[in-house]
Every structure is written in C-alpha cells, then in structure tokens.
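Next, two complexes with chain A in common: one pairs it with chain B, the other with chain C.
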Partner chain A sequence: MFPVINWNLISLEVLITAILVILVVVDIFLPRESKEDWIGALSFVGLAGLIVFWFTQSNLTGATFGGMFIMDSLAWFFKGFFLLVMVFVFAMTQEFFKALPTRKNEFYLLLWLALIGMCFVASSADFLLLFLSIETLTISLYVMTAYLKSDSHSLEAGMKYLILGALTSGFFLFGLSFIYGATHSTRFEAIQAFVQTHAMSPMILFGLVLVFATVGFKIGSVPFQLWVPDVYQGAPTPVTALLSVGSKAAGFIILIRLFFGIFASWHIHWSVIFAALSAATMCYGNLGAMFQKNIKRLLGYSSIGHAGYLLMGAATGSALGLSAINFYLLGYLFTNLAAFVVIILFFIAQKSDEIEDYAGLVKRSPLLACALLLSLVSLAGIPPLAGFFGKFTLLMATVKAGLIWLAIVAGVNIIVSIYYYLLVAKRVYVDAPRTNSPIPVSLSMRWILGLAMAGIVVIGIFQGPFLDMAMTAAKGMYLFHL
Partner chain B sequence: MMSYPLSYILLLPTLALSVLFAVPSQNTSAIRRIAILGVLLPFLLSLGVFFTYNHSTGGFQFIENIPWVVPFGISYHLGVDGINALLILLLGFVSFAAVLISHHIKERVKEYYILLLLMIIGTYGAFLSLDIFFFYFFHEVATIPAFLLIAIWGSDRHEYAAMKLTLYLTAGATLGLIGLLALYFASGLQTFDFVQLQYYLTVHPIPLNVRNWIFGLVVIGFGVTLTMWPFYTWAPVGYAAAPTAVSMLHAGVLKKLGAYAIIRFAIQLMPQAAHTWMPLIATLAVLNIIYCGLVVLAQRDMKYILGYSSCSHMGYILLGIACLNVIGLNGVVFLMFAHGIMVSLGFALTGFFADQTNTRNLDELSGLAKRMPFIGTCFAMMALASSGVPGFANFPAEIMVLLGAWDHYRWQTVLAVLGVVITAIYMFKAIRLGFHGPLPSRWNQLTDAQTALQKLPYILLLAALIIVGCFPTIILNKIEPASKGVLQYALTTK
Partner chain C sequence: MIGLGNYLILSGIIFSIGVVGVITSRNMLKVLLSLELLLAASNLSFVAFSRFNGDYTGQLIVFFVILVAAVEVAVGLAIIVLMYRHFATIQVDELKDLKW
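What follows is the complex of A and B.
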C-alpha cells in the first residue's frame, strides 16, 4: 500500500533534477574541445524557467511523502532566495573560468547538485531527509572547493572543509540518535508534539547540541567557525560566494526549523545560549577581520560577524526576530554577492586578491569601485542601503526581547566593522593606483552588477514590500510555534 | 511645488544628484552649475517655508505623512515647527555658500559634488523628519559622503581624521538609536512617529527609571554629534582635515543635529527624566566652554582654532538646554543658527586664504589684510560675532542662554561668561597675527575675492548674521512658540 504523493509540492525539485539530468546527457554528447559554453547557457535558460515556475508556487502549502517533505511560506521564500543566489553564482562561474584552462562543465553540474540540496533543506520535515539534503549540498561543495586541481590553496581548502564537514556530519547523526532515542521519531511534527508535552530532558539537550554543530558549521558560528577564513580564501571565488550566502542561508533554515519550530517551547533554555554565541561570534568575526590583507579572507571573517548578528535574531526567539533573519539574509544576498562579483572581475584583470592591490580601483573602473563601495557600506549597515534596515530590524528585535546588552555589543561590533570596511573603501577611493590600466567589465557582468546594486539600494529605501515578504515567510512557517 | 515644499527640498537636490551621474566628468562647469542649482532651489524653498510658517498658530506645519513600513509603524512624516524651520534655513544658507566656495576643487569634480549633495540631502532629511526612524536614517546617510569627502579631498592627516570622525559619529548615533528603540518598545505604541509618541507619552508615561536610562543613552549618543565634553576630540581634527565646504557643513550644521535630537527626542519626549540629568549636562556644558576654550588658546592652526572654538561654543547650547526654560531654549535655537552661520563663515574665509598661502599657521601668516581687504573685513566681523558683540546674531543668543541659566546654575553661568572673554582673546589674537602686521614679500601675489560671485557666499552669511543680530524678532517669534511646545510638559511636571 502506497501513500498518495502530492507531486505538485515537490515539482520544483523534480524540475531541477530533470535539468541536471539533461545537462549531464548534453555534456556527454558535447565535443570535448568545444569552445562554446553550452552548459552555462543552458543553465541560465533553466534557471530563468525555474524562477518563473517558482513564482507560480507562492501559495503552495502542504506535506507529502508521509510528512517528510513539506512546502510552506518559509520554504518558498528560501527556494526563491537560492534561485537568485544561483543566478549570481552561475554568472560568476562563467566569468571566472574564462581565464582558466580548467574544464568548467562539471562545475556547473555540481552547482545544480548544490541547488537541489539547498532546496531540499528548505523543505525537509524529517531529520533523515534533512541529513541527506545537507550531505547533497555539502558534498558538492567539497568537490567545488577543491576544484582547481593545480592550486594548492584550493586543495588545502577542500581538505579542511571536508574533514570538518565530515566531523560535523558525524556529530549530527550521533545527536540525532539521542533525539530519536528520547522521542522515538525523526519526524519534526512528532518531535514537536513530544517536546510540547515534556519538560526539558538532558538526553534531548545533548542530542540537540550535537545537531547544532552542523548548523554552526554551516553558518560559521563560534565555536565551529575556524574553517571559514581558510576555506573562503582558498576556494574558487564562485564557491566562496555560494558558501557565504547560499550555504549560510541553508544553515539558518535548519536553525529556524529547529529553534523557532520544533524546540520553540523550550525557548527559555536556548535563548541565553544563542545570545552568548551571537556575542562571541560577532566579536570573533569583526575583530579578526580588522587585520586582514586578503579581501576574500576579510569577507570570510566579516561573514562570521554577520552570522553573529543573525544569531541575535535567534536569541530573541520572537516572530520579529525570525522576520529580521529573513530580511537580513535577503539584503545580505545582494550585498555580499556584489562584492564577490567585483572580486572575480578584479582577480581576472589583476590575478590578485590582496587588498593593497585594490588601491585606486576607482580610476581603473568606476563601476567596480562603486559596486564595491555600495557593498561594503551596506555590509557595514549604513543607510540608505539594504544592510542598514536588516541590522535595524535585528536590533529592534533584540531590544524588544530585552537583550539591551546584546544590542550594545552589536553596536560596538558595527563600529569595528565600519572601520575595516572603510579601510577597504579608502584603498579603492583614496589611494593612488599602481597601474592605470582600466579593468574591462563585460556587458553580462554589467547587468549582474547592476542587479546587485539595484537590489542593495531598492531594499534599503523601499523596505516595506521586502519586510512584508520576510514576515509572511515567517508567519506561514510549518510547525511555527512561539 | 508649493503644496509639498518639504518634499521638494529633498527631491530637488536628489534630482540634481541623479543628473550629475549622467554628466561626463570632464564637463566641470556644467557639473558646478547643476550642483549650485541643486542647493539654491532648496535654499529658496527653505526661505519660503520659514517666512510662511505661521507662528501665531504654532505647532507642526507643512505636514506630509505617508506610511512607509506599516508593520513597524514607520512613516515618511515631514513637518516643521519654529525650530527645524530655522535649522533648514541655516542649512540652506550654509549649503549654498559651501557649494559656491567649492570652485577651488579641481580634481574629481563630479564625485565631489555628488558626495556633497548626498551629505546635504541627508542633513535636510534629518531636520525635516518627524519620524524617529527617518531622522536616524537621514542622519546616517550623511556619514559616508563625509568620510569620503574628507579622505579624498582633505589635507593633513585626512585619512585618520575621516576615520575618527566617522567612527565617533556612528558610535554615538548607534547608542542613541538603541535608546530610541528602547523608547519605542517601552511606549508599546508600535510607532516611530514623533508626534504620536509625544501625545501618547504625556498620557501614558513610562516608568521613571526606564525613562532615565533611555534619556541617558539618547543624550550621550547624540551628545557625541554635538561634541559634548569629553566626546569632542573628533571634531577639531575632522574639521581641520576636511575640505572647506565639509568643514562648513559639519561645524555649521551637522553638529546641530545632535542638539536637535536631544531637544526633540530627549527633552520633548521625556521631560521628567530631563530634570534628573540636567545638572550633569550643565556641568559638562561648562567643561565644554572653559576646557575647549583654553585649548583654543594654545592653537596656532586657524582651522583648529575654529574647530575647538566651535566645541567650546556648544557648551552654551548645552547650558541653554539644561535650563529647561523658554528663554534658555530660545537662546539655544537662536545660537544654533547664529553659530552655524558664524563658524561656516569662519571656515570659508580660512579656506579662501589658506588656498593661496598654503598655510593656516598663525605664526607664519601676517598682514593678509593688505592684499585681502574684503576677506580681512569679513574675518574681523566674524571674529566680532564670535565674541558676542552686539549687532551680530550671536549676541542675543548668548544673552538669552545666560539669562535662562542664571536662576538655576549660578556658578556655571559665571564661568560661561568667562568663556566669552576667552573667545574674544583668541579671536582678536587671530586677527592681529593673521591679518595685521607686515606682509611677507612672498605673498605679494595674493588676490582678494574679486567678482561679485566670489564675494556672494561671504556677504550672504554676513548679512544673515547682521540682519538677525539687529532684528532678532524675525526669527525669535518663530522660535518662541516651538520652545514653549517643547517645554510645556517639562515645565508642568517639575
């Protein structure tokens, strides 16, 4: 006897998988030395179709596969988020590999695989499916991180990422066994029902801490943050971009599902822990970033800092905090990806990621300089840009939860972050360039940069509609319980 | 345009800014013309707003209110009473003069005017907003342009100065923001709208201990902007390094945002807490006046003199705020205007001669008045205004502050009067050293401001000082109802 499966709910994932299969087949039949980037072009067509399809799914809710796979407002929001991330990452990949002799077709396929993983993470309602989705995402990330076989940094980064990733996966399963042991289920719904009727038990808490290791690893929170700077620096830049936005957001979905959903009724126990983690994470990231000489490493540390700000939302344990996380990530997407597009274009022209080589970028390419400035200022959280309103909502949620001390710690961190972001801005805008050779920006990259900059400014000024999106995503969440 | 003048004050420079993006960067004269137009029109509008503001009805006028972020209760709410109507007029004067005197900028002209306009828009927005969120929003919009303007076009130690200024101001503003957010939640009203909050808080006061520390956060946070002692050190360094126009805007206008925020969000929203904090504020005010005043005496760089002197004069503003009476507050608002005009005139004049002499050090300068009679005359008048000589706007302002303070803070008032003497000492010394005496032969080629257009910014600022100084009622009758509005609850709840 088979349960009825609602294929409609899972149609986006089916489509993505179908596209991946088609691309694999096409890749087999392509001539080995083909100059044309067919896979890249087809990927874009596929993405465009998927985004249109995604819009039609806006009111889709329900569960299928016996409740393992769910579709809710939060999943819908984040699937759109991941598709948007992929638009940028595919464009970056096209540009990044133009200058390299490496074959890139497999890279596209791995990106598609990562997208499947991320979409399944957003829709998982069962710990086993969640584990499989995380692994799908992470394994493709391992391979992509070590993709540049001749670059020792890339290999080293891949190795580090693999070892720590495998370790946290082990933690996850170990922790899950405790949770299963206590609740007799891996299904979110059943666990939540158990949690709501029982007092906090040490066994579940122990399991939960181990499971959180995976979340902490994905989002780069203290004490699982050590890999971040090395991997960010060593990985091919499109992968760094994906890690810093896509993979981080995937980590936050898990966090949201666990702590705003399943275990929300024990909020009182973990609120303090998250507040402490948040403070430690933002201090680690921002203080570490102050002394960096490599821009990818700097953004690595800064992404730890942003994970710290985002954890403030988790510490509040309120609907406002959840909406703030969603909104912040949306602004962070455009902001961070704009920076990585600039880094790739600069790397192609200059073969360097050192901040001192960015001196006088404004004379060499005003567009790149402007995009980088907007991105840095938005990361620093200064209006009228997207990052500002994200920080504002997070601070609001924190103050509302009565965590004034955390808000002040965040305030101090914001000041520190302004310092190092502005140092880069100063290099770009004030210092004299070492060479005057202009940096070419192709038309497609102009569009991508334009999109990112428009996103940064529009979200920063017309916050209302985007905040509504973030709040709707939060309110319609499956198992939402506060 | 006449139905929504306040929005046009923001939109017109924004329009000019967008046009500037499209103009090719080689075409500097067109860029300059657009920028001048972009500040002239809002200046004229702010004049119009100020003089059509009906002070007999009082309250907020020219109101525009559009809901912006509904779930948080954020609205695009603009409106002016006597206080901010005067402050946008001040910004109109200073921004117009600042753009006019910027002709000495020859490098990266387009970026310069874009950033300058952005800074001016942010400042206008902050003064016009009756929504706490938008006040902060616009206040911060001005930060990054100021950083870049100082870092790119500044002089000695400009990178250090730019960073210091930005970090101090943002730190202060963030502290203030946390306080205001706490107020938002403590009120339980779910709105950032200033007017609604004020009505609500008078009927449903929040507990006094909560109010006390929120008040502290707001006052210290925005006190940094106001260069309250001991948070003033960013200012002289920043002004000295900044290009002239930025010094003018920052010392003349942006700084007053701090005082404005304290008056609006601390005093007007939490009048009861004000009584707890005011003795401390009065003491800090005296430290500002005397300590910074004595520091000026040791300075030789003209921009540092003006910078420290402006910190010192902020003491009168703080002292006036601390009085919590109508005459004191009248004096504060009056002084914000008078000091803003005076100090920006001082920076403009200093910039004018320093461009040619390449030094601002009074030990090296001498006899400038021989080659620059016009600039020298203006400078002398600026010095007189600064020392509180009758006939200039600063005189009635300082008198009102001192009169207001006398009943509450006896010894502070006496020390504050001493500050006037200190001001006179350093200002007259600056005139004697810089403008009198023999002219070194290497400066025989110096030129005065010649054309009418060159003289216009200085004349404009001086005219404002003198007209307001001789006929203080022009602005006083607009300030008075607003001051009463601010203090109506502070006075009744004492």
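What follows is the complex of A and C.
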C-alpha cells in the first residue's frame, strides 16, 4: 500500500518548479538576438502570482511524503520571506545585466532554482531532504557567483565559494552519518524522540558539531566566516544581495530547526557555545569592517557582524529569542537590500564599488543618497528604524535569558558599527563630489527603492503586526520544544 | 572479525586525508579530488552504519550523495576551465586579488 501524498502542502514548490520548467522551454524558443527581456518579465508575473498564492496558504499545516516534508507557521513565514527577497533580486538582476554584454536568461533560471532550494530548506523534516535542498541552493549559487566569466574577481570568488562550500557539505554528510548511526533515523521527529529519552552521547555530539559547519558556513559565523568578504566582493552584486539575505536566512532556518526543535532538550549544553560564537562573530565582523575601502566588502563584514547579533537569539534558547531572530531577519531584508540596490545603480553609472567614489553622492542623486543613508542608519541600529527595534528585541531576549555579558558585548559592537556606517554616510553627504554628472534611476528601480525604504520605516515605527507575525511563526513551529 | 569500528576508522582516515588534501593542495584538480574523498568517506560510514543498524536508509542516502558529488564536480570542472582560460594556470596561489 502506497502512502497518501497530500499535494496541497507542497503546492507552492510544485508551482515554482513548473514556472522554472516553463521558463526553460520559453528560453529555448526565444530568438537569440531578441532585445526584449521576456524571461525577466515572465519571472515577475510568476513571482506576483506566487506571492498571492502564498497568502492563501497561511493556515496550512501538516506533514507529507512520509513525514519528510512539513508545512508549519515557520516554513510559511520564511517562504514569504524568500519570495520577497526574490522580488528585489530579480529587479536588481534586470538592472545589473542591462549594462553588461553577458547573456542573462540563464541567470534568471538559476535564481529560480535557488528559490526552489530555499523553499525546500524551509520545509524539510528529514536530513536527507535537508541536504539535497541545501545543495540545490548552494550549487546554483556557485554558478551564479562565477557567472561573469570574463571578470577575474567573479571567477576567483566562485572558486573560493565552491571549495569551502563543498568542504562544509562534506562535513555535513560525515556528521550526518554519525547522527544516523546513533539514532537509526534521519527523520527529525524520530531523532527528537531519541534525544528526549537519552543522555547526550559523544557520537551525536560529534555529528552535530560537523553538521553545524554547514549552518555556520551559510550564516557566516566564526569559524566559518573566511569566505564571506572575498565572495561578497567578487560575486555579481545581485548574487551578493541574495547571499547576504536569502542564503543567510536559509542557514538560520536550519539552525532554528536543529536547536529550537530537534536538539532543544539539551539546550543547556549549547547556550554557552552559541554565546561564545556570537560574541566572536560580531567582534570579527565589526572590527574587520572598520578598515574597508570597498563597499561590498564592507557590507560583507557587516553581515558577519549581523550574524553575530542573530546568534544571540540562538544563545537565549527561548521563544522570545526565536521570535526576535525572525523579526530581525525581516527588518534586515529591507535594510540590506536597499543598500544593494543603491550599490548596483551606482556601479552601473560609475563602474566602481570603492567607497571613496561615493563622495558627494547627495549632489548627484538625492534619492540614492537618502536610501543609502536610511539603510546604513538602520543597519547601525539608530531609532526609529527597523534595525533598531530588531536589535532591541534581541538584546531584551538576551538579558532575560541571563546573558548580561553578551548583551554588553553586543552594545559595544553596535557603537563600533555606528562609526564605520557613518563614515560612509559622511562621504555621501559631506565630501565634495568628483564629478557632477547625475546618476539616472529608472522608474522600476524607484519603485523598488521606495518599497525598501517604506519597509525600513514602517517596520521601525509600527512594530506590532510584524512582531506578532514573527511570534506566530515561532510558536507554531513543528517539533517546537523548550 | 571486521566490526563497525574498523569501517568507521577507515572512513575517518579517508575523511582526514580529504580534509588535509583540500587545505594543502595548490592544484585545483587535486582539491576537487580531495573533496570527492570527503564524500566517499561519508558514503562508507553511511553504508557501514546501515549494515550494522539493519535498516536501508543509509544505503539509500549514498545514491543521493553520489548524485550530488557528480554535480559538484561538474560545476567545479567548469570553473576550472574558465580559470585556465583566464589565468592560464590552475594553481590556487594565483587567486589572490581579493584580500583586505
């Protein structure tokens, strides 16, 4: 007798895959020299449809495919998150490749593939499915990172990302084999049941440390952070944006599923480890960012710092900490993507990512300067913007969990980060411009920038509904256990 | 009598060779080979655990790992070819533009 498969639960992923297949076929039949960007236009139509469809799934819960695939409030929240990230990334891609001779249709297809991987990561309830979805995401990111074949930085970034990514997925598998050996299963539910009835065994611990290598690599936490600045600088900017928000959020889902779900009953053992990792990660990121001359590299270090703040939430091990992670990521999405949209528009006009070229940006394009300032100030955590309230909830959860020293370390780091964010803002607003040529901003980019700025301000001022959303996502999590 | 421990020790040795190979190799092809060793070591321990636990999940996973390994090599080799065209060498040392 075959198990009954509930296709309703997996319908979003099926739709995304269908769109990908349709786009592949359309791409084959498009004339090579076609000037119109059909794949990009169709992608936007598809994304809009998917977001509407996503809203109808809000109350969907359950497991299917023999318990391998689950749909719960957390998965729903993060799927919406990824769709929103993709709206920004597709718009950036369209703009970025206008100025380049490279073919961009394949790039759109790879973005869709990455979206499939991220959605499956959010819904995995089995280590095998989790591994395959991580690889779907990561391998499409390898290709996208090295996409600009004539650019030596892009190639170098792709090579480094591939070597370290494949190394950590080797760690993941080796660790997984030990977890499987000790618990006789790869299903999250069975492993949690095993963990709750047994004391900690060295074999599972060994496996878990190796599995954490992949999580640490995805979120850019110490000691797996070395690739971040190099790859962020070298990769095409839309990919950097996807890495810094989408791929990081995917890493945090795995972390949440593992340490707030399956292995939560041993929480006492890793609260300290996460606290130490968090402190080390934010110090590394914020101190490293102080001396950067390239804006993408600066944001790379800053994203390591933000991974450190987010790990505070993991160290608390409380429902409040988990909701704080969700809420922070939501604010981080708008904040960071606003910065990357500005970087792309500036790069198209100026062919440079160096911070010194940003001098006097306000005279050349007040809109870009305003968006960049809002984003930097929100990243630094100055009220009343999204970044401030995110940091506030994280610090509150940390203090409530009794980790006062960690909250103090975070406070010092936030002050350090204000320094280097405002240094960039000073260049943009105070320094004299080298040229006075205005930077054109197309209508679609104005919309995207407006959306990002609205997100930063609205989440900062009306936190209530967004905080509720983050809390609901946390509370309804499958296997949630504290 | 060969027990579970022997298989795990062998797989641990292969895994260590792979990690050391990735870290110390200067030649990109060697790095890719070492990455394959990591996956091979995991496969060995999956099969060993599967055999001694008496269920088939581990053996099932191995098929998927082989698939993923093939994909990784395909992408890796493609990037190596591009790198050779661009730098006319496949030594990792040449990748040093992105620093501080």
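The rule is simple: the second predicted complex is superposed on the first by the 482 of 482 C-alpha atoms of A that agree within 3 Å, B and C clash if a C-alpha of one lies under 4 Å from a C-alpha of the other, contacts with A are read in each partner's own complex, and residues count from 1 in each chain.
By definition in this document, a residue touches a chain if its C-beta (ideal position, glycine included) is under 8 Å from a C-beta of that chain, and two chains touch if they have at least 3 such contacts.
The shown structure was predicted, so the numbers you read here are calculated from the model rather than taken from an experiment.
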Chain B versus chain C as contact partner of A:Gly181, first or second or both or neither: second
Touch check for A:Val399: first (chain B), second (chain C), both, or neither? first
Give one of first, second, both or neither to describe whether A:Gln463 is in contact with chain B, with chain C, with both, or with none. first
Considering only the touch criterion stated at the top, classify A:Phe340 as touching first (chain B), second (chain C), both, or neither. neither
Which partner reaches more residues of chain A, chain B or chain C? C
Just checking: does A:Ile414 make contact with chain B only, chain C only, both, or neither of them? Give me first, second, both or neither. first
Contact-wise, after the overlay, does A:Val143 reach chain B, chain C, both or neither (first, second, both, neither)? second
Partner chain(s) touched by A:Tyr429 [first = chain B, second = chain C, both, neither]: first
Of all the chain A residues, which ones make contact with chain B and with chain C? none
Using the touch definition up top, name the residues of chain C that touch chain A in the complex. 11, 15, 18-19, 22, 28, 31, 35, 38-39, 41-42, 45-46, 48-49, 52-53, 55, 57-58, 60-61, 64-65, 68, 71-72, 75-76, 78-80, 82-83, 86-87, 92, 95, 97-100
So, in the complex, the side of chain A touching chain B is made of residues 362, 377, 382-384, 388, 392-393, 395-396, 399-400, 404, 407-408, 411-412, 414-415, 418-419, 422-423, 425-426, 429-430, 463-464, 467-468, 471
Provide the residue numbers of chain A that touch chain C in the complex, in ascending order. 128, 131-132, 135, 139, 142-143, 146, 149-150, 152-153, 155-160, 162-163, 166-167, 169-171, 173-174, 176-178, 180-181, 184-186, 229-230, 233-234, 291
Within their complex, chain B touches chain A through residues 68-72, 74, 111, 133, 136-138, 140-141, 143-144, 147-148, 151-152, 159, 162-163, 166-167, 170-171, 174-175, 177-178, 181-182, 184-185
